[in-house]
Each structure stands twice: as structure tokens, then as C-alpha cells.
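Each of the two complexes below includes chain A, the first together with chain B, the second together with chain C.
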Partner chain A sequence: MSQTPRTQSAPTTSAQQPPVRRAAILGGNRIPFARAHKQYARASNQDMLTSALDGLVARYGLAGHRMGEVAGGAVIKHSRDLNLTREAVLGSALSPETPAFDLGQACATGLETTVSIAQKIRLGQIEAGISAGVDSASDAPITVSEELRSTLLELNRAKTVPQRLKAVAKLRPSDLAPALPSNGEARTGLTMGEHQAITTAEWGIGREEQDELALASHRNLAAAWDRGFFDDLVTPYLGVTRDTNMRADSTLESLAKLSPVFGRGLSAEPTMTAGNSTPLTDGASTVLLSSEDWAAAQGIEPLAYLVDAEAAAVDFVGGHEGLLMAPAYAVPRLLARNGLTFADFDVFEIHEAFASTVLTHLAAWESEEFCRTRLGLDAPLGSIDRAKLNPNGSSLAAGHPFAATGGRIVASVAKHLRETGGTRALVSICAAGGQGLTAIIEA
Partner chain B sequence: MLRTYLSAAGASVLKTVRPAPAPALDRIAGPGSAARTVRVTAEADSVARFDRAVGEPVRDVVPVTWLHAQAFGASLELMSARDFPLPVVGLVHIRNTVEQHAPVRVGETVEATVRVAALRTHPKGTEVVVTARFDVDGATRVEETSHYLAKGARVDGAESHEQPEREPFEAPAQTLEWTIAPRTADVYARVSGDVNPIHLNGLAARAFGFRGRIIHGMYTAAHGLAAAQVRADAFTWEVEFATPITLPARVAAAVRRDGAVTRVDVWDRKRGKPHMLSTVTERA
Partner chain C sequence: MTDTYTRIANGPLRAAVKALGLPNPVPLRRRPDGDHLSEPVLVLGPGSGADTYAQLLLDNGFEVRRTPTSEKLSAILAFVDEAQGPADLSRTALEIGGALRGLVRCARVVVFSRDGHINPERPEAMDPALNAVRNGALGLMRSLAHEMRSGSTANGIVVSDGVPLDAPSAVSALWFLLSSKSAYVSGQPLHVTTADGAPVTAEAFAGKHLTGRVAVVTGAARGIGAAIAQTLAADGARIVGVDVPQAGDALATTMNRVGGTAVQLDITAQDAGRSIARAVGAPIDILVHNAGITRDKMLANMDAAHWDSVIAVNIDSQLRMNAQLTEAGAWGGTPRVVSLASTSGIAGNRGQTNYAASKAGVIGMVAASAAQLSTQGGTINAVAPGFIETEMTAKMPALTRELARRVSSLQQGGLPVDVAEAIAFLASDGAGGISGDTLRVCGQNMVGA
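This part shows the complex of A and B:
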């Protein structure tokens, strides 16, 4: 995608507008993803993020280097971690003069940090930056009940003894129980799995096709590990050398034995199991991005370029659309803006929140009715060749440490394009809050 | 308020033991009946506590459900007056309608005029209709009608009234799940002032024929109104209470928006029985 610099534009008070540059993806580094409450149970978000950063620094010789900026984030975050990414930078081998910021877009956080750093590079604001994401489901923040919290705050504001007594008198023993972060949607109270179960039933996605997708994810990921694909994308951490959720020996029979865990209250047959849903996972990922000049100066050959991105959101609260359906809306808008069709892509990385999430997106794009009534298209977007879908495995096998998933996908797919000589990849990630973020990556 | 409940309970016992002499109904209900007025300022703190308890955003607009709570004490007093022909304890809130012409804002002083508008027949007993008008500086902002049912009770001279047939409930697609803890009833009792023991004490609730503590119907309604996210200045809100929610509870709910009309239904997913059905119609 080329853009002509507007050197002769209308009079403006600012200096000449620089041309939009290409944002190169140079590589990435993550720690192996581990199932929650196992090997990383005692590591904090900051610990994991710092380790992932240091692995990247070591791989690309960035020690003491002042980067333009580091963008990171975590979905489940302690209130004390207001400057999580900056603190991780300070604890890393990067120059302490490297600025950093946190952002959040639920499970799209890791892709949004990458888009954000890429846009700064494209606009010439920075030469090189790192995008990152981390999440720990094990080292989760524990909060107190709303009643205890408001009472303690009232106590803090009280000036007299009677005021203090009055505040405390409202407490009940049950208020003292700690509260863990809930995976329920804030506005609906339904868990993400229950939301997806509704969508799965609406689209009539069967148990077997979900299990098949999960199986492919495990097999593809295991094959990628076996051939050394992740050797320069992952640095071992706390004795873990591979993603611990991966089951290379999974079979359709073993997956078929699992009992459904979501959608059991619906009238449709429940189909979503622990095998075709992602488990709670701990992990961190980083991506190194830069201008072409900076990459050349460092002697690093870019793997690919981040070309464009599109976010979408749906009204799931009003029940008008499924919680995780937003990418189905973002992708056609992204394709239209870039004048592309599915045929122009060599690889599709669709985040596997649940196997049925991917399958509903595929079904939606194949549906004449959905494409006409919901997307306003004359014809269906079309089918995606399954051989091009998540060729190195995705979240069902690798696990899904929420904010770390975007970085895992971007670095892997950029390397995959380079390895296979492919030209273009589509990345799609669904997120809580009825959101989705999608991006185009080109060799 | 607790005192009102206690004296009301006492009066109720007396009324069952020694029926009051046939009262002059037009003095108790209808346009000629004595009204009670309450003046209350919408203090930011009181409104914010209420907002947080029912799930409304804390903002300058006072929810109509806060207004209901301010007038509730007066309506309870009217219904527990000596010559009121029905026992107030055991009255069940079955329907509520609110007409908001313009919102009340934090800091404004509201004058609530509460009156028993009618006593009328109901297939299951006698229905008490209570109206409340909320004025600010002489202009009516909000009008409310609350319907209560005295099960099995008959009052001579009650207006005859036919109840509309309720359509059989068919559960819509669930969009929300509410977890309601017993603590929610404690908190709602505190912010609303409605300390009816059926909400706060399991023994008391069982004494009145419930399986255990039940959540305030107006909590469910207020939480539903919050979920509807109505932002229009003028609207009509109609609520029907079908069956009580025993605590603790996990109930299914759905918000369905269709143009100016938003429906919020709450039901028991296992039994498929409705708890609360409501509609908000926004007006330009």
C-alpha cells in the first residue's frame, strides 16, 4: 500500500508533512505460555513482561538501547500496576530512558499495542518500538467486597467516633470475604463462555467440527515446535520450554469424551467443552517494530509489515449480536478499504477464544443472509481454505494469556510469511465488551 | 419505617381479629381521600448510594426508583391507617407504572403527594391503587401508580375492575444473568428505607409463606430500569411483578430494544417462569 506524500498541499502552519512510512515487524519474543496456577503461579505480570522484554533485548542486541517507545498492557491488572509497562522497562536491560505506556482493549490489547507502535513509526514519530502484552490468571488481584470497600472509605472520611461507629455498624461477616476478578461481562453478568454458547447455538455449530478445529490447533502447534519454528520466537522461563497446554497426542476420541461446560442451560444441545475452549493461561509476549531505515542500520531484515487495522464493536447488551462477533464486522470493512478479497491472503490468523468463535466467523462470512443483512454486502465474503487457517496453531493449543495473544500472533504470522514466501496475512482477534480488532500484515 | 411496619403488623392482627366497622370508602380511597405530602431534597450522597445499590450510573439525574423510595413511607402510612380496611402486612406489589415528564436532578427539592386512588376488586382479592405525584417548584415531573394486592381479602364497596388477561410468558433469548445475594436486600433496604422483614429475615419471610427471604420487587425493577439504559428525558415505565425471587438467586434476564421501546424481562431459567416483566417507552 503506497501513499503519495502531500508536499504541495494547502498552506498550513505546521512544517511540511512527512510521508507515511512502512512499519516493519522485525521479530518477537515471548515466554512459553503456561496453564494457570502451575509453573508461573508466583510470577507477576511485571515479572513475566520483564522476562519477555529481556529475551527480545538479548535476541536483537538492544541492551542499553533507548527505544522510541514501548506499549504494553494486561487485561487483569492490579491497581498498583498503573505503570506496568514502564516498570517492566525499568526492570529490563533496555535504556531507562525508554518511555512506555499501557493501554487496554481486553483480549485485543496485544494487537492494539502493536498497531499503536506501528502507527507512530508510520508517522515518523518514532524510529523503533516494542509492543507487548501480558496476563496472569494465577497472580490475580484479589479485591474486597463492595460493602467492605465503601465502608473502609467511609471510615477514612469519618472525623468523629460516632461517624466511625456508624460506618462500621453496617458491616456483616459476609462482607469480609475476598472477591476474585470475575470473567463475567460487566453489563450482562454472563461469562464469555455462556455468551459464546448462545452464539454457537444460534449458528448451529456442531460439537465435532469444534473438536476438529481444536485438534488441528494442537497438531499445528506441536508440528511448529517440533520443526523449531519457535526457536527464535520464544525464550524459556522458569523451567518451561514449550507451551504447557499443548497436547500433541490429542485425538478426536479423547476430545469427544469431554463433557460440555458451557450452554448447559440452553435448549440446544451443549457442545462447548474444556477441549474446544481456551484455558486460563499465564504468559507474556513482545514484538519489535521499526522503520525500514532503523532496521537497515541495525542490520536486521524485516519479516513483514503491518499495513492496516480495523476495529469493530457490536451491541451484545441489547442482544442484537453475539458477544464475540465483532471481527465478523471488522474484516469486511478492512478488506474494502484495502481493495482486497479473501483470495488475496496466504494465511488467516483467527484467534481461537473458543473453537466455535472461529467457526461462527467463518460461517458468517459464508452466509449470504448475514453478509447481506448485517454487513450490507451484495454477496457473501466467501470461504477460507482451512489449510491457510492458523497454520502454526492458535490459542486452543497455546493457551490464551489475554493481552499476550496479539503479540504471539503478530510475531508468528510475520515469520510464517517470511518462511513460506507468502505475501499477505489477515489477523483477527475478538475481545470482551463486544469488540474485535483485525489487521493486515504483508511481506 | 420499621416502626410503621411493626404498628402495621399489630394493626393487621387487630383487623383480622376484630373487623373494623364498614368504613366510608371515599374517605380512604379516591380523589376525595386524604393525601400525604413529603418534601425531600435529592441530596447527592443519598442518590449516589441508591444509584450504586441498583446499578445506575452516578450522575445528576435522579432515577425514578429513588423517587419511589421517598414516597414509599407515606404510602405505607396511608395503608396502615386505623380505618384502612386491609392489613398492610401481606400486601403484594403486583404492578407499577411511572410517567416521567422531565427528570428530577440532584439538589432539587421534590414535593411528593401520595394518595390511595382506589380499592378495587381483583380475581385473587382486593387491589389497592396508590398514586404519587412528584413536583418541583409546582411543576409535575413524575407521576407514579403502584398496585398492591391483598390476597383473599374482600372489601365491601370496592370498585369492580376486570383484570386484563396476561399473555402466557415465553422466555426470550437470554442476554443477562443476575446474581442476587441476600446482602443485596440488606443494601437495598438501607438505601430505600424499605425494611419489610420478608426481605431481611428468613423466618419472617417463611411466616408469610415464602420459601425464604425475597428480594424487594422494586430492586429488581430498578436494576432492570438501569439495564435498559434509558437516557430520554420523558418516558413511561411499566412493570409487572409475576413471582418473587427467593435469595440467594441467579436469574436470567433479557433487554430488548426496538426503537423507542425497551423491554426488560427477568425470569427463572429452570422453571421458565417470569419474575418481572417491564417496558420502557421513550417519548420525544
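This part shows the complex of A and C:
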């Protein structure tokens, strides 16, 4: 794969276009993540997002403030939620004069909203903003079948009684069955888990190393909760005070007992279980970003800065690459643009869609062949010190309310950098549609 | 938030309640609609103090009478500060008595006297006759409070020897006691021990007198803590509310309502004081130690977990936080610390040995900390609530609750805001001369009187 040479325009300094500023990450707030159909079963995306926003507003004393903009989104969205984020803002303690917009990039939504707000701050378009993401796998939209939908639309268009009768006559009893949302890929019909199972088998990722990664995720997350790391990152919601998917007492033995759920139709031995895959989860997260001036005026010390981001996408439909492999391509491009190597990072936050997703990314960056043939590099990117990987747990333990994961990671890793005195973090999130979004956060 | 009985006794069953001589509580005068005294204030007593205050009241826009009158009255100020022996009380006491029938609803009687505490360093206070009359004045005030009707109260302002009778804190205490902010305070003496504090007008005290102050309130998520946050915010302070992470959602709601900042933190953590100083990031002008728990058990059934947790939250955390904030240099120029005690800490309460030990501990702590806080230019006091209508008391057995309400002179429970108003007063600029004291907000509950 050839690399197109990039022209990197230097920041202009003309009077019309002020120089690019730094976008500070001041902090965040999320609600505890809860497994689907449990405590948040009756909470809507708007309910959860509003609560997460209110917690952030209280933490930073922003009641009644007009923010520059709020960016949010959800992956599973009701059609009525066209203005989800704006509606949440109106229901929150923020000034009703705060504008908001929705965007979507599947599981990368929460990181893309953060990048988007950060860019507006960097360009001087806004002083401070909030990025957010929310998802409910419980309160999912149920739609009517395509057949019923087209019949109803035809009925609506019909002007005469015979026309109406003709439209209704097309209806079949089977058309009345409601359609539930699926996490299958639109173009392949395979679920994300089945896609990843193929990649896992191709890379020969073993069961035990997947379980070990899952175990580390639970232990790291539990330790972070126990030492109060989340006291200023999470606000309870509906009686839930900690992430409900977390199993602090998980062991390799208990994980080893679980039966594989994906890849059972493949020739390779199936390795992906409910223990090393993320469960369906409900939750919402927010991140507060601003210019350095705004932060100083508010008396808030920034935790870190969002420096750069890179998205990638792969051709999984044609079978050229695995569905969740896009971050493997985004990261080297991001490093190259910033003149960095893995050695320059203190922490790596790689979203655990599945344990094997993280492990295939690591394997790919260590592979001389992959880096040469797929990335066009002379040498492998190298390996990542596991002690620097997801130090406060990730999605396997916390759960993964799709659009809320980005905000969880950004706020946590920014605080982690501040706490540990680290200087640089790499964030990587894979997403449906063969996409991936990665970012650099610096203290 | 008037209780059912009070509503009925002031509504359909008014005549029956009167005929049967049943408790007859009236809705108390509270903010925002009750700060204007509709009738004149009668100032009684011989000496210069009465003259000074009569003039002060006039300067602050009150109508004043200097001799007994048949007019309706909103308040009576009685000065016995110059009395030298028990016989000197007679004239003023009887003049108060003669004027009582002219008082309107929710009226006020305020008795000014000198401190009768035995102080070996002040030989003049060792005069038995002098001390008798000074203590006698408190006996008069307390009994009169029991006799007050229709939401009216009687309280005392007790000024130490060597401190001018019109010291800033004595004047501020008067504005507090005359106002609706003291609705549920009755039968209590306020001790003014120094001339510290800034002079404040009645109008300023009624307004946003805490503007620019940073106030930390622990246990701010719900109940009395939320009311404290709301009241201090209404008086102009910037609120930093602290509560345990588990109460974070309620804390966020309260803080967003008052435009404050939420800090989720367990105050029993060893470094809670330092964490709070860091989270506030600005000099702390007001600290309200409100967070508290009850773990009631008869002592015979008490275990270490029940005993120790109450002591840890209710008193140990306060001692540690005060020390850490001092050590960190986190206080503002004239810090005001107010701690929540309880009438249980004064009178004791069956099933509350642990709680009473912690709350009596608070009373002891503030008394002993006053000297230390004064080196910072600050004060430290406690407020001891009696029966206050909260989520917690709503869960009491109905009969016990009903009894607890009626055994006070005001014959009703107080509201969280009543406790908050007393705290806002002690946190005010004018209250710099009141320190080490415990003010009861209990409607003169018979318990521990």
C-alpha cells in the first residue's frame, strides 16, 4: 500500500486567521455503565445524556452557563431523537442558549464528538464546549417491517377508496412482525462478533491470552474504583454507583469455563466468549473541553490537551481486511504525522470491543509482514508494554455503551496522565463499518 | 411544608383547638415575605444601652416606642445590662409583661444583658449579687419564651464585660433575632464575647450579605445540607457542595439548583481536608460541617461498627478537616466555621449514645477551637437543631414524631431552612464577635432545655 505524500499546512498567522490554539481537556463526567435490560432498562438516551451533562455541569459549577457548543450522539437512535443532544441540553442545567449538534461514527462517535469540539476550540470558533455520547441497548427502537412501512406510505398517498383498498390488500400477516435492531453489518449480514472471530482465527489469537486481557481489564477497573479514581469522573444514576459489568473477583479459571459464542462455524477452534467480549451496555459520558484562557478564567486546571486525531477505514466487505482492523492503519499514520513512535507514549487506551481486537492490533503492529505489505513501512511499529495498556480497565470490564465509550476513555486517560505525571497517551477506537478513530492526548 | 396538625389547627378545627386548649401552632414568619416589621418596636429599660439601640433602630428604618403603649407591637427590646442586683430586674420585667398582649403574631422579644459566667480573670464578675442578676436575666428570658404565643419568640443577647453593648455582633444578632431568619430560635442566649466583626445594617443583613464568599458545605446533597447550600447561595455565597460519591446525583441536582460546584468525596478519608482545599482552589471563607449520620442502637446492643462510624463522620472528620485546612493555609481572611451539633448532644437521647457523644463532642470542639480560629481572624460555632422536618424525621413512628413536634414552645417542627438561616447568620460579617458558642435551633424544645 502506497502512502500518498501529505502536504501539511502550517498554521497561518494573518489577522483574519489567528493561529491554532491548544484544546484543553478539563475533565469529564459519565454515569456508571450498566448491563443492558437491567437498572437503566427504562431510561432513554435523552434521560441518560441529560443526567451525564448535569453531573458535569455540577462538577465544574457551570449551571446557567452558555457553552460554545455541545456535540453528542448515539449509535442506536430513535427517529424521534433527531436533535438528541440539543434536547438533552434543554433538559440540563446549562443555559438554554447553548447550541448543540449530533454526529455519528458508530463506536467512535464519542471520540469524534471530542475531536470535533477540540477542533472548534483550536480554531477559535468556540471557547469551551462539551463532547458527549450515549447509548441504550435496552431502550432500543423497534421498527415496522419494510413491507408494512411501504404499504402505510402508499395508503397515505392514496386519494380514493379503491386506491386505499388496493394498498391495504397488499398487506400480509408476516409484514406485521416488528423489526428489532441488529448489530449485524449491513453489507455482510455478519455480526461484529462473527467478523472478529474470522480476524481472530486469521491471526491465531489464543483463548488464554484473550482471557488474560479480560482479567486485567476487570482488575484494573476495580482497582481504579477502589482507590477513588472515578470519584470525580462518574456521578451515580438511578441508584447505580459503579459499573455493573465489572467483576472484581474474576479469575482465569472462571473465564476459562465460559463457552465460546462467536466463530463456532469456523474451522479454527472458537475462542471468543462472553467473558472476553463486551456485553450490550447502557450508559452516557461527557467531556469538558476549552481554550486555555477559558480554563484559567474559570479557575480550572486542564488535565491534558487533545493534540491530533486520525481516522481510517478498511475494505472488510471485499474481504481484504478484518472489520475491526482500521485502527491498525490509523495509528501509524497518526504517529508519522506527529513524528512519534510507541516509545514516546506513557499510556495506550485501546478500546476493548473484544479482547482479540486489541490483541490483533498489537500483533499487527509487531508483524514485520503486516507493517511492510499493508502499511508500507520498512520495519514493524513494535510492541506495546502491557503495563501501559488500559491501566484503569477498559470496555471488557466497564461495558461498552457504543457512543459513550470515547468520552469514558478521553476523560479517564487525561486524568491518568495528570495523576501519573505522564506526558502522552494514544487513544484508539474501532468502529462498525470497518472504521477506526485514533487520537493523541498530551499533558 | 407545614405539618398536618398545624394546617388543621389553623383551618377547619381552629375553634375546637382553642376551646379544648390543644396545642395551637401557627405558621411561622419566614423568608421571603416576612422581614418587614409592620408595627413599632418597644425599647424598655434604663440606661444608655436602651437609648443607643433606640437610635440604631430609628437609623435602620424601624418605628420605635420608648414607653409602654397600647399600640400593637412587632417586638420588645429589654435592656437589663446595667442591673446590679436581682431587685433591679423588677421594673423592666413587669413592663415587658404589660406589653405582651399588644404583640402581633410571630413577634420578638430580645433581652440584652451582660455575661454572668464566672470568670476568675474578671473579678467584677465574681460579685454574687451582680452574677445573680445576670443569670437571672437568662431565667427571665427562657421562661418568657415558654409563655410566648402565636409563633412569637424570646431570646437573649449576652454581651461580655469590656465589650461595647452595641458591638457589631450584638447589633447583627439583633437583626437576626428581629428578622424571619430566626423563626425557629426561641429561649436562646447569643453570647457576644468580642467587639470583632464588621458593622452591618439591617438592610444589608436582609440582602445578599455573603456576596463574594466561598462556602464549603459538607453533606450538601439532601435535607438540611441542601437547605444550607440554598440559603447561603441566596445570601450571595459561591457554594462548593461536598457529599459521598454514592450521593453524587442528588448533590449534582442541588448544586445545579444553587449554581454551585459538586465535590464527590468521603469526608472520613484521611486527606479529605487537603482534597477539599485542592478542589475548591480558592480561599475558603465559610465551612459548614453538616455531614452526619445516625446509627441508633441501645448501648447494650451497640457494636464497634455502629459506634465508630458515627464518631468518624460526625466529629473525627471535622477535627481533621479543620486542622488540614489550617495547615494548608486554605482559609480566607475572616473564616467562619459552623458545625452541626444536635439537641441530642445537649440533653442526650435514648438509643443515641454514639450520636450524642459525637454531637456533644462537636459542642466541645467549637468551644476549644475558638482561640485557634481567632488567630486566623475567624470564628467557629455550632448550631444544634431540635426536631427538624426532613426525610429522616419523616420516617419516625407517627406518634413519636407528633410528640416531638409539640413539645417545643412553638409547638411544631422546624424546617431545614431554619437551621440554614442560623448558619448564614453565624457566617455573616457581623458575627465576628461570636465564637465557641452553640446556638440551638429547636423552637425551645423541652428536651435538654
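Assume the second predicted complex is superposed on the first by the 428 of 443 C-alpha atoms of A that agree within 3 Å, B and C clash if a C-alpha of one lies under 4 Å from a C-alpha of the other, contacts with A are read in each partner's own complex, and residues count from 1 in each chain.
By definition in this document, a residue touches a chain if its C-beta (ideal position, glycine included) is under 8 Å from a C-beta of that chain, and two chains touch if they have at least 3 such contacts.
The structure presented is a predicted model; accordingly, all values stated were derived computationally and were not measured.
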Fit or clash for chain B plus chain C once both are placed on chain A?
fit
Once the structures are superposed on A, label A:T188 by its partner contacts, choosing first (chain B), second (chain C), both or neither.
first
Look at A:D54 in the shared chain and tell me whether it touches chain B only, chain C only, both, or neither; answer first, second, both or neither.
second
In the overlaid three-chain picture, which partner chain does A:D232 touch, first (chain B) or second (chain C), both, or neither?
second
Using the touch definition from the top, say if A:T241 reaches chain B (first), chain C (second), both or neither.
second
Which of chain B and chain C A:L258 touches, first, second, both or neither:
neither
For A:L123, select first, second, both or neither according to whether it touches chain B, chain C, the two together, or no partner.
neither
Touching A:L90, do we find chain B (first), chain C (second), both, or neither?
neither
Examine A:G299 and indicate which partner it touches, taking first as chain B and second as chain C; both and neither are also allowed.
second
Does the superposition put A:S174 against chain B (first), chain C (second), both, or neither?
first
Closest pair of CA atoms, one in chain B and one in chain C, after superposing: how far apart in Å?
45
After overlaying the two complexes on chain A, where does the chain B footprint on chain A coincide with the chain C footprint?
none
Listed in rising order, chain A residues that touch chain C in their complex are 51, 54-55, 57-61, 63-64, 93, 228, 230-232, 234-237, 241, 299-301
Partner chain B, residues of chain A touching it in the complex:
146-147, 150, 170, 172, 174-175, 184, 187-190, 194, 198, 265, 316-320
Quick one: which bits of chain C touch chain A in the complex? Just the residue numbers, please.
238, 245-249, 251-253, 255-265, 269, 279, 281-282
So in the complex, which bits of chain B are touching chain A?
52, 172-179, 181-183, 186-187, 190, 227, 229, 252, 254-257, 269-270
